[in-house]
Every structure is written in C-alpha cells, then in structure tokens.
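Order as written gives the chain letters A, B and C; numbering starts at 1 within each chain.
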Amino acid sequence: MQVSEIISWLINLLFYKPEVFCPIFYPGLVTILALLIFIIWLERKIAAKVQLRYGPLYVTRKAGGILQLLADLLRYMFQEPIIPKTVDKIAFIAGPVLLFATAYVPAALLPATAEFTGLRSELSLLAVLALLTLAPIFDIIIGWGSNNKFSLIGSMREGYIVMSYEIPMFLSTLAIAMVYGSLNIVEIVEMQSRCWGILLNPIAAATFLLVALISTARFPFEIAEAETEIVMGPYTEYSGILYGLLMGASYVKFYVLSMLFALLFLGGWHPSITWLEKIHPAAPGLVVFIKALIIMVFGIFLRAVYPRFRVDQAIRVGWHLLFMLSMLSIAYSLAVIWLVG
Amino acid sequence: MELPKRVVHHIEALLTGAKYLVAKPRMTVMYPEEAQILPEGYRGMPKFNREKCRSCSLCARICPANAIKMYTVEVEGEKKKKYPGINYNRCIFCGFCVDICPAGALEFTDIHDYASYSLEDLVFKPDRFAEGPPPRPFKPKLVKPMLDEEVGLKYVPG
Amino acid sequence: MSERTIELYIGPQHPGSGHMRFDITLDGDIIVKAEPSIGYVHRSVEKIAETKTYIQIAPLVERPSLADTVNPNLGYILALEKLLGIEAPPRAQYLRTLAAEANRIHSHFYGIGILGIMLGSSTAFMWAFADREIMIELLQMLTGARITYSYVIPGGVRRDLPVGFKEAAEKALRYLERRLKDYEKLFFENPVTVARLKGVGVLKKEDAIALGIVGPNLRASGVHYDVRRIEPYAAYDDLDFEVVVKKEGDSYARLMARVEEIKQSMRIIRQVLEKIPDGPILHEKYYKMIPPKTRKQIEETGRLKFPAAFATLKPPKGEALSRVEGARGEFLYYVVSDGSPRPYRFRMVSPSFRNVWLFAHLLPGHRLADIPAIYGSIDYFPPCADR
C-alpha cells in the first residue's frame, strides 16, 4: 500500500495544495505555456485575417494550424543557441532566463479563487507589482551584454519607456486599491462582487490598460524591438531557446497584466460559478482567465491596426497622457471615497 | 490634430480592422495545391516544334539573355540541321523568341514553374525543347482569377 | 568621431535597409550625419547595353526597377524611336499610356506597402501588396507577363487589348476606389501614422529644385513639374488629368501625393479605355515587313509577331534623348548610335538615383526612428538607383 499512498500524497500535493498548484498549473507555468502557444497562433491568425491572408495553416491543417507554435517552440529548443565571442557570457545567457523567470513569478502569486491562492498576504498586490518591475532590468542587461549597437539602442529605448510607464502603472493600481481600501488582491476581488472596479474608477482602468500595452511592447508601442530601425532591439544577437525565452517573456508579462486587470477591474471570479468547484477548487478561477483572455485578444488585435510610435512619442504618451491620467484617477478615487464613503 | 478628431480616427481605424476581421475576402491562392489558370497568350516557358523550324536562328539572335543557342543536330536521311535549344538558367521570359519566330515553331506554354536538382537539368537541348517543359508532378486544383468589384480578385474553380 | 557620437552601419544586411547601406552618425537618438552608400547592387546596365542589340535592351532597362517596369521600357523605346525616326500609331500610344498608368498604380501601391511595413503596419503592407495584384493581373491580361512586361517595342506595342479587358478594368478600378477609403481609415488617417509622418523630413521647395529631386517627391514639395505635362509623350496630350502638387513637403505629403496620383492614374485609365482609337498597333514600316499570312494571324489573336528586322535594328548615326515620368520620377535616356546594331553609348538616369541625396539632406536632425519613415516616404529603391 506504500505506492498508492505515495501517489495519493503526490496528487494531493500537486493538485490540492494551492501553494504548489498555483505556481505550477493555474495561473502558473502550465497555463502560461499552453497560452503562449495559443495566443501567438491567434495573434498571427487575427493579423492574417485582417490582411486578407490565412496565416499559419500547414501544421495540423484541420485545426487551422493551431500547433504551428508548438512546432516553432520545438525548433527553438533544438536550434543551436549561438553565443558570439564578443558578448558578456554571463549576462548573455543568464539574462533571458532571468527575464522569463521574473516575468513568470508574478503569475504564481496571483490567486486562482478566494480560497485557492498561492500567496496569502495583506500585501499581495504590492508583491505582484514589485516583481513586475524587475523584468525590464534584465532587458537592459541583455542589451548591454550583447555588445551590439542595435541591442544597446534597443535596451536604452526600453529603459526610457520603463521610466515613463511605471509610475502611471503604480498610481493607477494604487487608485483602485484606495477605493477598496486594501492591498490584498483577494479582498479587492471579493469587494467587487457588487460593483466592478472599472465602473468605480474607469480612468484608472483605462490607464492600466494602456500601461499594459506599453510595457509588453504591443502595437503601437512595439518600440524596443522595432525591426526596421534596430533589427530586433535587445534581442538582436539571440537565437535558439534563448531567443524563444525572450520572445515568450513579453507575452507572459502581458498575461500577468491582463490577469491583474481582470482581477482588479473586471470583478475577478465574480460572477462566480459555484458548481465548477466540484471539479476542482481552482476551477471557478476560469472566469478570471476568460476575462484576461478577452483583454489579450484585444491587445494582439492592435497589431493588425497600428504602425508603431517613435520612442519620444511613446514617452510623451507616458508622461503627458498616462501620468496625468493616473493622477486624475487618484483624484477620482478620493472623490469616490469622499462621496460614497 | 485636435484631440476629439484624433479619438475619432483611432476608433475608425479599430473599426476598419474589426470589419476585415469578420469580412469574407481573402487574396491567397493555395499554391501549389491550387494553381491559377493563366490567361490566353501568357508568356510561359516556350515550346519548340521541330517540324515547323526553318533553322533561321532569329530566336537565338534576338534573345536578350543569350538563353537560346543553336545546336547542330543530325537528322536521318538529311543534312545536318540547326535547331534551337534553351537554357532556363538564363531565360528571362521576355517572349521575344516566340514573337520573332517567322515559322511559328516556337510557342508559349502556360507552364512557368519547374524545379530541378541540377543546373544542367535546366539546359534544354533541341530534343527536350521539343518535348516542352515537363508537366507538374501532381495535378493542382485549378482556379481562374476573375477581377471582381467586391473582393478584388475572385478565384473561381474551373 | 567624437566621444558623444556613435557610428551606426545600417544595411545592407538589415531588415530596414534594402539593398544598400547607410552610414549614420548618431548623437544620442539624433542623427548628425547620414550617408547613403550606394552601389551594393550595381549591375552595370549601361555597359551591358553597349554589348546588346537595340531590341535586346528593352527587357534590360526594366530590370533595375522591378516595381515600375513599363515606364523605363517606354522611355528607352522613345529614345530609340527618335533615332529610327518613327512614331507609333495612335492606338499603340494609347495602349502605352494604359500600361504605364496601370504600372504607376501598382508601383505606388508597392511604395505605400513598403512605407507601411517600415512604420510597423503590417496590414498596410499586406493590403498594398494584395491590391497591387489587381493591377498586375490586369496587366497580365494585356501583356502576358506579371512584372517584366517588355510591352513597348519600337514602333508600337506587342499586344492589342484582349477581349473583356475593358469590363475587367472597370471592375478593378471600382474595387480599388472602394478600398482606398479603407486604407484611409486604417492607415493614412491613423493617428499613429500621422504622428510618424507629419512634419518629418520636410523638403523645402528651393532645396527640392536645387537637389534635382524628381517625381512625386518633388511635387509633394510644391513644385508643379511632371514630364507627362511638360513634354507630353504617348497619349498624355489628349488626356485630362491633374498634376498632384502638395505644399507641405513632409513625409506625409509625399505619401498622400502618391495616393492622389493613384486616383489620377485611375482617371487616365478610364479615359484611355473610353477614347482609344481603332487602328494598327505597330508602325506601318515594320508592319509591312511581316508576311501577309502572319499578319492575318496577328489580326485574329491581337498578339503581334515581330518582323525579322527587329533582330538587327540599325538606327542611323545620331543621338537621341528621351524622358518619361516613371512612378518614382523621371527616367532619362541618352542613346548614341554609330550606325552599328549596338549603341555606341547608352545612358540611363533613374529617378531613385536622383532622389538618393534626399537621405543625406533630410535625415540629419531627425531621430533614428525617422529613418524608415523618411526612407519609405521617398519610395527609394536601391536597385533602381544602382542600375
């Protein structure tokens, strides 16, 4: 009976302990990998449809080429990652790994449902935000370590853009936290069962959405990797799995921000579907995921509509528009608190 | 541009994108599974007709890329004759050879796609030139491009 | 090189450079000096031409500029016709105009598409290249080839209008008119596009004249100059069209000048199809040389057969100069004949060659990210400049 005990212990540990399940399955690693494959495929399909084309088709033709990205991923895995002689080896190799890791870690801290969450803390929102700000540092490190002018220019651009969007990001999140008087994501969501955050503070929601687009290099803010100007920006020298990690990182970050948006502004797991709980305690969290997915689809659809801004214009959007909007959202929150109490 | 106008233009751009997301048209021809039916007189790979050839070598003389060369061929019971052969490494598909041929010994085919494993394989001496370009190894579905007011190009199966 | 600046070599192996290199000196994000380094795809068209017979040069001159092929072809043939002392019959002149304008449309779409992808709008790129296909299909009906038509020959054109061409062309034009409205909403008036192009790379009128800029770039700077108007060739004299002139001279004006020119070209195509006279498509002198049996075949199919004399055209001693308004600007040809079947000297000045100095002139003072915006807006094509 030893073996079956071990198996049931393992199943219990993996699937019913939120501290383990959240980072590994949902909203953590497994979801992220599945989503990466799906969302990049969808991005290409949406762009193709608008552009009168078919997009990826030949891998699993009957399913519309949905496994194309799996094939690409496999290719990246087995392609030789070329490490040029002139690069700073430690920065060059560690950079992408840490970039992906720091983009992923905040996802592990997001709650699946009210009871089922990897991190129980009064300050979970702050923890997620703090971790989110880590990733751009590695973008700059790899740009510097690549020893390539285009990489350097790309990472400098990234640096400038980070400066311009991070303050609005914090302020708009704080604005919504102020309304609910809590920095605990679970508490914020629970309080949204009556009124969604987007209705309580639409300015903060709009600011946060724009910040999410800028920080994850969605169009029209795909500036650090602007292909026709600086080849691939910080990622110019990369190939193979290291490049795969870099490419995935911005999507992972977009996923985290979309999840956060769904949790903070779109009512999280409300309206909760209680019968799903019978399947698995984390299953009602699917509502959050679907909301986040809608945000992501909107984000990737923008690729088919917009060209890209120049870096100074994006920074102007950051300081002139978003910074002002985020200040406004704080004032709005104060007004809401003063009015409603 | 003032702000309200800019917002309107943003919305218009997004709506246009969305319109094409749900609209039908697509421009793609699934080549090589599908292939276009080419219009009459399409300047494809030329084909040589030995019976009509008068060995005047005008085709070789007008060829701007020096793709056509005259080969001396021994014909049974007759004198040696000169016939043209073509090198598709050089051919630029201007069709001058066909248009200048006074005897109509050269004519266009509608084949324009042919791949080979070696460069020598693309040199067509008179006998192979007379057979014409090799047909496609598999039969593609043929579609006829029709100019259309609504979708631009409509590919009608035909 | 001071410590403040960095030198950046953009191209020729760069996704945004095309077949050329820019030597850029950057101070922070601002360009201090830009030098286009041309010649990467030089193929020596002029010298090759001296080894070819006159008719063989016709396909050669259209190779350098693959988006715009009828116009260089036509320009060369006009010079050759001057040497030969002949002129094409009216129907052929109209057909030349038709082909040239259809080509202008698809070349402008090409330019708009490249500008789109340079700014990052993949949709503008794909749309423009898809709609370019409409005009290519139309010209394929007419000429039998997709891009390199070699349609214009000394004394006329190679093919007559095929059956059903007029209806097909009308459908294509109506489609493109409708589509241009969507382009406007999605790309031309997209606030991001406007932000990237308005006020960027302003070319003043005096500078444009002093630098010898040609084509839509010149007209976008407020200069009313179009070879089609100033020295009418083909059938342009009989046709009613406007020369598109814009005052601003910035990248956006250059883009919109092209868009307006597409509309004018459509107008010309409609007029040509309406007004086209009946008659032969080859000059009498050569038509007579064709044997009667072949002539009958030509009349049936509408597809010309060359007289044998074409293989050995020998213009009398002399020289000829011709120019045409290509899609990117003015093509100039200068041909010297010494009475042999090959030209003694052949000179071809392509519009991109004359526009290339815009890079050195316009880029300094702009940001690094403005390179693609300016590059795309002047519709520069390295192979066309290098020849």
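As a working rule, a contact is a pair of C-beta atoms (placed from the backbone, for glycine too) under 8 Å apart; a residue touches a chain by one contact, two chains touch by 3 or more.
Treat the numbers as computed from the prediction; the structure is a model and nothing was measured.
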Chain whose mean Cα position lies farthest from chain C: A
Of A-C and B-C, pair with higher C-beta contact tally: B-C
Cα-centroid distance, chain A relative to chain C, in whole angstrom: 46
For chain B paired with chain C, centre-to-centre distance based on mean C-alpha positions, whole Å: 23
For chain C, residues contacting two or more additional chains: 123, 130, 186-187, 190
Shared-contact residues (touching 2 or more other chains) in chain B: 13, 16-17, 20, 27
Contacts with two or more other chains, residues of chain A listed in rising order: 50-53, 304-306
Contact footprint of chain C on chain A as seen in their complex: 47, 50-53, 149-150, 153, 219-220, 222-223, 226-231, 303-313
Interfacial residue positions of chain A with respect to chain B in the complex: 46, 49-54, 301, 304-306
Parts of chain C lying in touch with chain B, wherever the complex brings them together: 52-53, 55-60, 63, 123, 130-131, 133-134, 137-138, 140-141, 143-145, 148, 150, 158-159, 162, 168-169, 171-172, 174-176, 178-179, 182, 185-187, 189-191, 194, 291, 294, 297, 301, 303-306, 308, 310-312
Residues on chain C engaged by chain A in the complex (per definition of touch): 6, 8, 14-16, 29, 116-124, 126-127, 130, 186-187, 190, 192-193, 195-196, 367-372
Contact set on chain B toward chain C in their complex: 1, 6, 9-10, 12-13, 15-17, 19-20, 27, 38-43, 56, 58, 61-65, 92-96, 99-102, 104, 108, 145, 147-153
